[in-house]
Amino acid sequence: MSNDQEKPFSEMTEAEKAEAKRKAIEEAKRKAAEKKAAKEAGDSGEVEATGGQPQNEMTEEEKSEAKRKAVEEAKRKAAERKSAKEAEDSNAASEASGEDEKAKAKAAAVAKAKAAAAAKKKAAGGETSEASGEDEKAKAKAAAVAKAKAATAAKKKAASGETSEASGEDEKAKAKAAAVAKAKAAAAAKKKAAGGGATGSGDDEKSKAIAAAKAKAKAAAAAKSKTATGGPAANDSEAFEEKPSPNQPILDKYVKVIKDNLGEEILEDSYINRLGKDVPTLVAKRESYYKLAEFLRYNEQLYFEYLSELHGTDFETHMEIYSHLYSYKNQQSVALKVKVDRDQPEVASLTPLWAGANWPEREAYDLLGIRFTGHPNLTRILMSDDWVGHPMRKDYEPYDVEV
Amino acid sequence: MMNDLLHSAPSLSNTLIFFALGASLLMIVLGFVTYAILAERKVMGFMQLRSGPNKVGGRFGLLQTVADVLKLLLKEDTIPKAADRPLFIIAPVLAFAPAFMVLAVIPFSDSLRFSDIGIGLLYYIAISGISTIGILMGGWASNNKYALLGGMRSAAQMISYEVPLVMSVIGIILITGSLNLIEIVDAQKNLAFIFVQPLAFIIFLIASTAELNRTPFDLPEAESELVAGYHVEYSGFRWAFFMLTEYVYLFAMASLTTVLFLGGWHPVPFLGFIPGVVWFAIKFSLVVFIMIWFRATLPRLRADQLMSFGWKVLLPLALLNIFISAVIKEIWF
Amino acid sequence: MIRTEEMLLNVGPQHPSTHGVFRIVLKIDGEIITDATPVIGYLHRGTEKLAEDLQYTQIIPYTDRMDYLSAMTNNYVICHAVETMMDMEIPDRAEYLRVLVMELGRVASHLVWFGTYLLDIGALSPFLYAFREREMIINLLNEISGARLTFNYMRVGGVKWDAPDGWIEKVREFVPHMRKELAGYHDLVSGNEIFLNRVHDVGTYSKEDALAYSLSGANLRCTGVDWDLRKQEPYSIYDRFNFNVPVTEKGDAWSRYQCRMAEIEESLKIVEQAVEQFPSEGAIMAKVPRIIKPPAGETYVRIESPRGEIGCYIASKGKKEPYRLKFRRPSFYNLQILSKLLKGENIANLITILGGIDIVLGEVDG
């Protein structure tokens, strides 16, 4: 296993490099905005903090140091990655394209939903949520005064026409703003974006960092012990850097096997979900969803013969099918996600692969209106057959409003 | 007294006397049914860590069944719209009447008997088969799928278990050389047939439980499968008739078992001072208790298992028993 | 000429053996089932939809109503999900209390299953015997939580109530009593020829089928898959206890029966050990913010409920309500294989198979 762990990890870092590089380039651009946002958020910490006072104090004293450290760290890391990356140009290219596509998908979603208008609205301080990612952060931050700041950044970006860039960056900036232990989280997240962790786990790791920071702030002793080594933020992020998720090699292995067999572009994203017991998460593209699932099901190295859970979620910008797969043979889990267009929610059914997907897919159809092509009997399951609408959709209006 | 009456010439007064006797027997039987139900509930309650009925009629719920019967009488008599009305109405009667008719040949004691026909045993078995028609009819007429399934099961079961039931008593018939139940009892003066024909007794007990549609052979009304089986659409007193049928048959079958295998009214040696009727009641109660005990203990058989058990186990055993009886009869009697 | 035709039989939604409002439309040829279509949703209350407007603590009582026979595990799964997201440390005493109530709940749930299963098969008494012991458990749980079935006992970060004085002692005394009675059940039922005939080789499925159909719990373990999340993906403090995972090989109703009965014993072992190890003092709640706001992101956790793998997915946007809450309800998944198992069986076996799957309709319908 140790062998396995080594190799995929290096693979992984290669994969990350592309992103890392891009991130590094963006870094400069972003830094100013981020710092500003973070600072702003820090100021508004009092509003957000539920844990109590020590946190604020902590963040105050940490902030400057953390930021400095983080910036340095990030720079160094980025540089490292860049140099290392040079050797793997081909990979990087494809990876970048993958990244681009993700960004594009996101951008498309946003754009379709009148991205410009939305961005502007947001800039104006409106909470009309368009992009879930953005929305999520924006709302988290709602309490914080930093909203305005981030919005400005968003607007700026929108103005510069970098829609795709905007979503990613904006998100990060906002996440940071939202952080309770802002400085720390920002640093950690930045660093991760720069090179550590998994390719696309930005958001989650950030939030994880936030959570960690929160906990630390609360547990005064623990926090102090960490601060004692100087630069808590740096220390914290270092810890994350040094010890990536124990499941990282597993994810690396999955990704490698998948990419080796199905080509580089099969995955939209892959990361470790730090909030979900570090489960390796793969994001499939809608077109190749079935192909990927089939591969996961039957490939000897993966062999996820058990579908533990399948459900859909309406993220307002898109729908998402989340399935948790398990391999009894290899004793490993994976989460497989696919994003589905919200207006035309249609995706391949997994029932031919796992008979157990039958009812969960019917449930997703019933409650969210996602149509699964190739499903043997896609009818309503929980609601009555003559029910109007799909109740779990966020825009669902009850037929009888009185109820 | 009864013997004289039975051998007297028919006349109007005799008819009236017989009618009165019949009616009183019916009352006795209904009284038995009332308390058999109570006993069943009490015994099962005892076996199942409950107290059973204990509110109506004092501590022991002595009037519980009476109250239940009154309630059933007052209940609305519903007949499903889609039911076959005449059949629906006649079915409970057809099921109940034979149940009562068979009691005529059962000798309860030396003096307490209502008929003395030479083919008493045959009569019993022939008449009791008619009830099946009532049950099947009720199941069919209800126009309900569960009821139909229940009726079909019932018919299949009755026919299958009638055979080993009759076969098992052939040994006794061979030994006594009579179908007359009184003579059969008399033949057990010294030794009850349960000791002479133990195998026959076991077969008979099992087959009679099946004939009675009681657990573990309660498939026709299997609650967990067919809701209530053939009487699912019946309510009120029509339903009560089916229930009555069941318990009267319990009464009759327990009596028959007593008569055939337990020596009827003959006392256990050295306890002859206790009257024969009491002995009969004791033995009879024992059989009823065993039936209740079955019900509280055993799960239900499946239809195919029931059939294969009846045809593949009980019937060959019964045949074997006949063979052995014949051999024994040749050698010893 | 005799003309035969298939008959359409609606079993349920009101039927003694569907254990709630479950309907199954059968096509039968005589008593042989040629086709079976389960119809569910009669008890759908939209827990997941309701939860989107509720704070996390407010959701817990709703989970009680899903698998109402072992509400403690439901309580736990949502608390566990939130705790996982917030990376919380739960005090030892709280964890022990949780394990105690969950395992007692598991025993109670299996007892109900045992009783009703035998009732389905036609035996009346085991039901009452099983309910006697279940009643004792329910009294214990009532004492600690204040409710008999819908406990609402756990909270994010711990449990709501500490064990009352003498409670631990009562639990300690209960274990040997239950063992004794369990032996009685085996005497009464497990060797009964009729029962054995009813369950042997009924509703058999292979290991591959079990996995493909996403079965879990005893329904999976009866095919020889050694899988219990308490052992394989230990959560809470299950790694501190010494217990076995009963696994049987045949995949028929009898295997499932054996599995569940053995699980009662194993749960008793855990209870016994938990009582021994129970910390004499300590907090029952972690330090939890007054308003629980898991960080933005998503999580999926799964634990072992008496019926199998119960999971909870939370998508959070960092607010006090979940953005999306989803329960992986084991009965819902387990029930899927039913129509496959029923083809060619007779009606009596329908009851045996359905009972053997051990569903709770509150959970199937969510």
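As written, the chain order gives the labels A, B and C, with residue 1 at the start of each chain.
Throughout what follows, contacts are C-beta pairs under 8 Å (C-beta built on N, C-alpha and C of every residue); 3 or more make two chains touch, one makes a residue touch a chain.
Since the model is a prediction, treat every value here as computed from it, not as a measurement.
S.K.: Would you mind checking which chain's mean C-alpha position lies nearest the centre of all protein C-alpha atoms?
M.R.: Chain nearest the overall C-alpha centroid, as shown: C.
S.K.: Using C-alpha centres only, name the chain that sits farthest from chain C.
M.R.: B
S.K.: Could you put a whole-Å number on the gap between the CA centroids of chain A and chain B?
M.R.: Comparing mean C-alpha positions, chain B is 75 Å from chain A.
S.K.: Per the centroid of Cα atoms for each chain, what is the distance between chain B and chain C, given in Å?
M.R.: 44
S.K.: When the C-alpha atoms of chain A and chain C are each averaged to a single point, how far apart are the two points in Å?
M.R.: 33
S.K.: Quick one: which bits of chain B touch chain C in the complex? Just the residue numbers, please.
M.R.: Its residues touching chain C are 44, 47-50, 145-146, 149, 152-153, 215-216, 218-219, 222-227, 295-305.
S.K.: Once bound in the complex, which stretches of chain A touch chain C?
M.R.: For chain A paired with chain C, touching residues are 50-51, 135-137, 139-140, 175, 178, 203-204, 207-208, 210-212, 214-215, 218, 273-277, 279, 305-309, 311, 313-315, 322, 324, 328, 331, 335, 354-360, 363, 367, 380-384, 391-392.
S.K.: Which of the residues in chain C come into contact with chain A in the complex?
M.R.: Against chain A, chain C makes touches at 40-41, 44, 46, 48-49, 84-88, 208-209, 211-216, 225, 227, 232, 287, 289-291, 293-302, 309, 311, 313, 315, 317-319, 323-324, 326, 328, 332-333, 335-337, 340, 365-366.
S.K.: Residues of chain C touching chain B in their complex?
M.R.: The touching residues are 7, 9, 15-17, 30-31, 118-125, 128-129, 132, 188-189, 192, 194-195, 197-198, 346-351.
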